[in-house]
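By letter and in written order, the chains are A, B and C; residue numbering begins at 1 in each of them.
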Amino acid sequence: MVGYIAQQLVNGLILGSMYALVAIGFTMIYGIIRLINFAHGDIVMIGAFVTLGLVISGQIPFPVIIILVILAGALMGIIIERAAFRPMRGAPQVTGFITSLAVSILLQNLGILLLTAQPRNFFCPDYLQTVFNLGSVSLRTIDLAIVVIAVVLMVFLVLLVRFTRLGMAMRATAENLKVALLMGININRIIMLAFAIGSGLAGVAGMMWGARYGQIDPLLGFVPGLKAFVAAVIGGVGSIPGAMLGGYLLGFAEVLFVGLLPPIYSSYRDAFVFIILILILLVLPTGLLGRKMEEGV
Amino acid sequence: MLEVRDSHAYIGQTYVLKGVSLEVRHREIVALIGANGAGKTTTLSTISGLTRSRRGKILFRPDPDATQRDITRVPAEEIVSMGISHCPEGRQVFSDLNVWENLLIGAYLRKDKQAIQSDLQWVCELFPILGDRRRQSAGSLSGGEQMMLVIGRALMSRPRLLLLDEPSLGLAPMLVEVIFEMLEQINAQGTTILLVEQNARMALELAQRAYVMETGRVTLSGTGRELAENEEVRKAYLGAI
Amino acid sequence: MMGWNRLKWFFPMLILAGAILVFILRSSVNDYILSIICFAGINIILAVSLNLTNGFTGLFSLGHPAFMAVGGYVAAILTFPVTRKAMLLPALPSWLAAQQWSLLPALILGGLCATLAAFLIGFPVLRLKGHYLAVATLGFLIILQVLITNLESFTRGPLGLNGLPLLTNLWWVYLWVVITIYVCWKVKHSSLGRSMLAIRENEMAAECLGIPLSRTRIMAFALGAFFAGVAGCLWAHLVTAITPTSFSVIMAFHLVVMVVVGGSGSITGATIAALMLTSVVEILSPLEENLGAYGISEIIISIGLLLILIYRPRGIFGTQEPAFLVKQRQRVSGEVGRSLSYQNGKGGTS
């Protein structure tokens, strides 16, 4: 029993790492331009396909793949921001949301058009598939890599935001866009950067998703995207540490929900996540680490 | 130094500035007074580039011997780097950042590390309380301290011209005195100030010259003393019967 | 005065003209085209009723497909022939298994169940605003899909119910299009409708005027849900099958497209936008199949929506109803209230 629970906790850690990476993007973008970017989940899908393409194309070492996937995700985020969201700047909140919904549908269907809706097998190099046992917990190398990569990236991000000039500018912009402009901060660059960082992390999450579950298709990003948003809400939308905390909490909660309740309930797991969402929005709209609430909730 | 010529501006659909003209000379303190909604804040916004004027010109000459530039269409961040610093109304500190970071972000566009350090020293001499609380988050400061921080932050960009929007708003009268004394000192050290105030009495005392705005236009101008003695101004803004 | 007389006759004439058109279409056009026209009608019902919440009241909901699913499933179980029920849904309680209703009562009960669902979900969720409400209603849609998938004894789970009787025809659709437009039009030009618009424009001001916020919101939400439920029934009995994924996020997206393209709050606009969207989908889907270019129609629709949001954010036709349909003093402004600039009460000083 202890072994079973330990295994479940490890699974939760892995799932939580992926949610946390995606949730960071939601929170960074929301923090600065108050936009719930529905299309964020689809960057996960793009990341997964880019990884698959790179893996198939030849002998690219794994660390290089990671960097390329981050760059691809970041590039995608920048393109989306420039093409869809910048022209909508200053429009009502809901307009931004509709825009992101349209972008999401667009990306999914571009995926279907170019890659067909058929799920594809995700190839993972053999050395990442090696199984090893830690006590009663069995892990593949890739599982370990997922957690390590996620943690490293998050530490990196926290350091960037806390201790650099750029991070200071990002925090200032998130708090008060107008005054940040008066400080001479180039708002467009900061917004682009938020999209780039968030989308880069979502791209890596896509790589992890593919490696973990073995199959990918153009619609794969939708539900994880929404769940990562739930994670961001749990942590308090706008707070980066909140998004990380929320990601791991949701990962654990979901895995334990499936693992500890009788099997007939396991097909309710998605419903469970969204019930959490509605409850948090109603009871604790600022989330666990969120700050004051502005209009909109 | 600064010349606004016949500026017309809209906020959304509302026609707010209906041809404002004013002038600020080097090392002056100029006050802009008027009732709510007269367009004082918008005037400052058009100067700092937050709001674009639809018609008219804004000209700026950072130093007496520099060339004059048309800044009507220049983006806000470039205006900051040219030497205009705008303190918006309502003590808008970055409350997530600590005091030190707030000051540093005031110098965001500057690259001269050494000079930034010495300016930090200078601001902390002006407002010793800021140095004492440098690690504290700006949100935890009192109203008066936040006002000092906002002014200090603006000074960190080494402005030639400081635009101040209602520094007295919501502060206890004693603190207002302190702030105004500071402004006098800052001005004496070489910074030109354009001051928007509801507190007309104090503004007219401080300012060498002043403009009165009403419903989007400048209706009166003169030296601080002239306006303080003007019958209409006394009735409308100084509470004389 | 003349405008009023014209209006008095305009609507009955329009309804009559529509009825004649339905009659002619039914005797001259083939079944395939007829079914497309039915889909267009159902889309009109959906778009116009979604306007009650999204357009009039400014509550951005993505939950409409969920209410369609409630209505559709309820009606489908009720109209399903007893013999097929015994075969496909053996676990159904006997009192339900013995029912075999005709379309109209099933439609109404389906609509009422959707209304009930709207009350249940609306009370907690309608406290949220803006995009948070949108996400919460989307969450509700997903929760409902999970429930439908898992309540196998009633819904046959992911397989869904197929072989429903083909009860929907153009007359039924037309009837409900007329009812929906009539009711929404009446609501828009009633005090309830003006309360809704007031809430959309400025919630705090509306509350200060004594408009009961939560009651008005839930009224709009529930009324919209009723028509969505009805539309779900019509849809199910037109397609003759219903599955948990019949009413999906894509459908929510299409509905949003209709409301935005039609100009949010405009009934005429929503109607025309529904017709346009149906045509676009029907024209593009054979193209998709022939070229094997699946996804192309959604790509075109989403790019179209993005362009409209950038260049015509008030919709193609604007947010006003056409002037000739509305009495002058009843014209409801789609403009955001202009901010008043304070005038200096003391008069000019010089």
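Methods note: a contact is a pair of C-beta atoms (placed from the backbone, for glycine too) under 8 Å apart; a residue touches a chain by one contact, two chains touch by 3 or more.
No experiment lies behind these values; they were computed from the predicted model shown.
Enquirer: Suppose every chain is reduced to the average of its Cα atoms; which one is closest to the average of all protein Cα atoms?
Expert: Nearest to the common C-alpha centre lies chain A.
Enquirer: Farthest from chain C by Cα centre, which chain is it? Let me know.
Expert: B
Enquirer: Measure off the straight-line distance from the CA centroid of chain A to the CA centroid of chain C, and report it in whole Å.
Expert: 32
Enquirer: Once you find the CA centre of chain B and the CA centre of chain C, what distance in Å lies between them?
Expert: Chain B and chain C have C-alpha centres separated by 52 Å.
Enquirer: Distance from the CA centroid of chain A to that of chain B, rounded to the nearest Å?
Expert: Computed value for the inter-centroid distance: 42 Å.
Enquirer: By residue number and range, which residues of chain B touch two or more other chains?
Expert: Within chain B, no residue contacts more than one other chain.
Enquirer: Mind pulling the residue numbers of chain A that touch at least two other chains?
Expert: Expected reply: no residues.
Enquirer: Quick one: which residues in chain C touch 2 or more of the other chains?
Expert: none
Enquirer: In their shared complex, at which residues does chain A touch chain B?
Expert: On the chain A side, the touching residues are 165, 168-169, 171-172, 174-176, 178-179, 181-186, 291.
Enquirer: Spell out the residues on chain C that touch chain A in their complex, using ranges where they run on.
Expert: 60, 124-125, 127-132, 134-136, 138-140, 142-143, 146-147, 149-150, 249-250, 253, 256, 260, 293-296, 298-299, 301-303, 305-306, 309-310, 313
Enquirer: In their shared complex, at which residues does chain B touch chain A?
Expert: My answer: residues 48, 50, 76-78, 80-81, 85-86, 88, 92, 94-97, 101, 104-106, 108-109, 153, 157.
Enquirer: Any idea which chain A residues touch chain C in the complex?
Expert: It comes out as residues 36, 84, 87-88, 91, 93-99, 101-103, 105-106, 108-113, 116-117, 222-223, 226, 229-230, 267-268, 270-271, 274-275, 277-278, 281-282, 285, 295-297.
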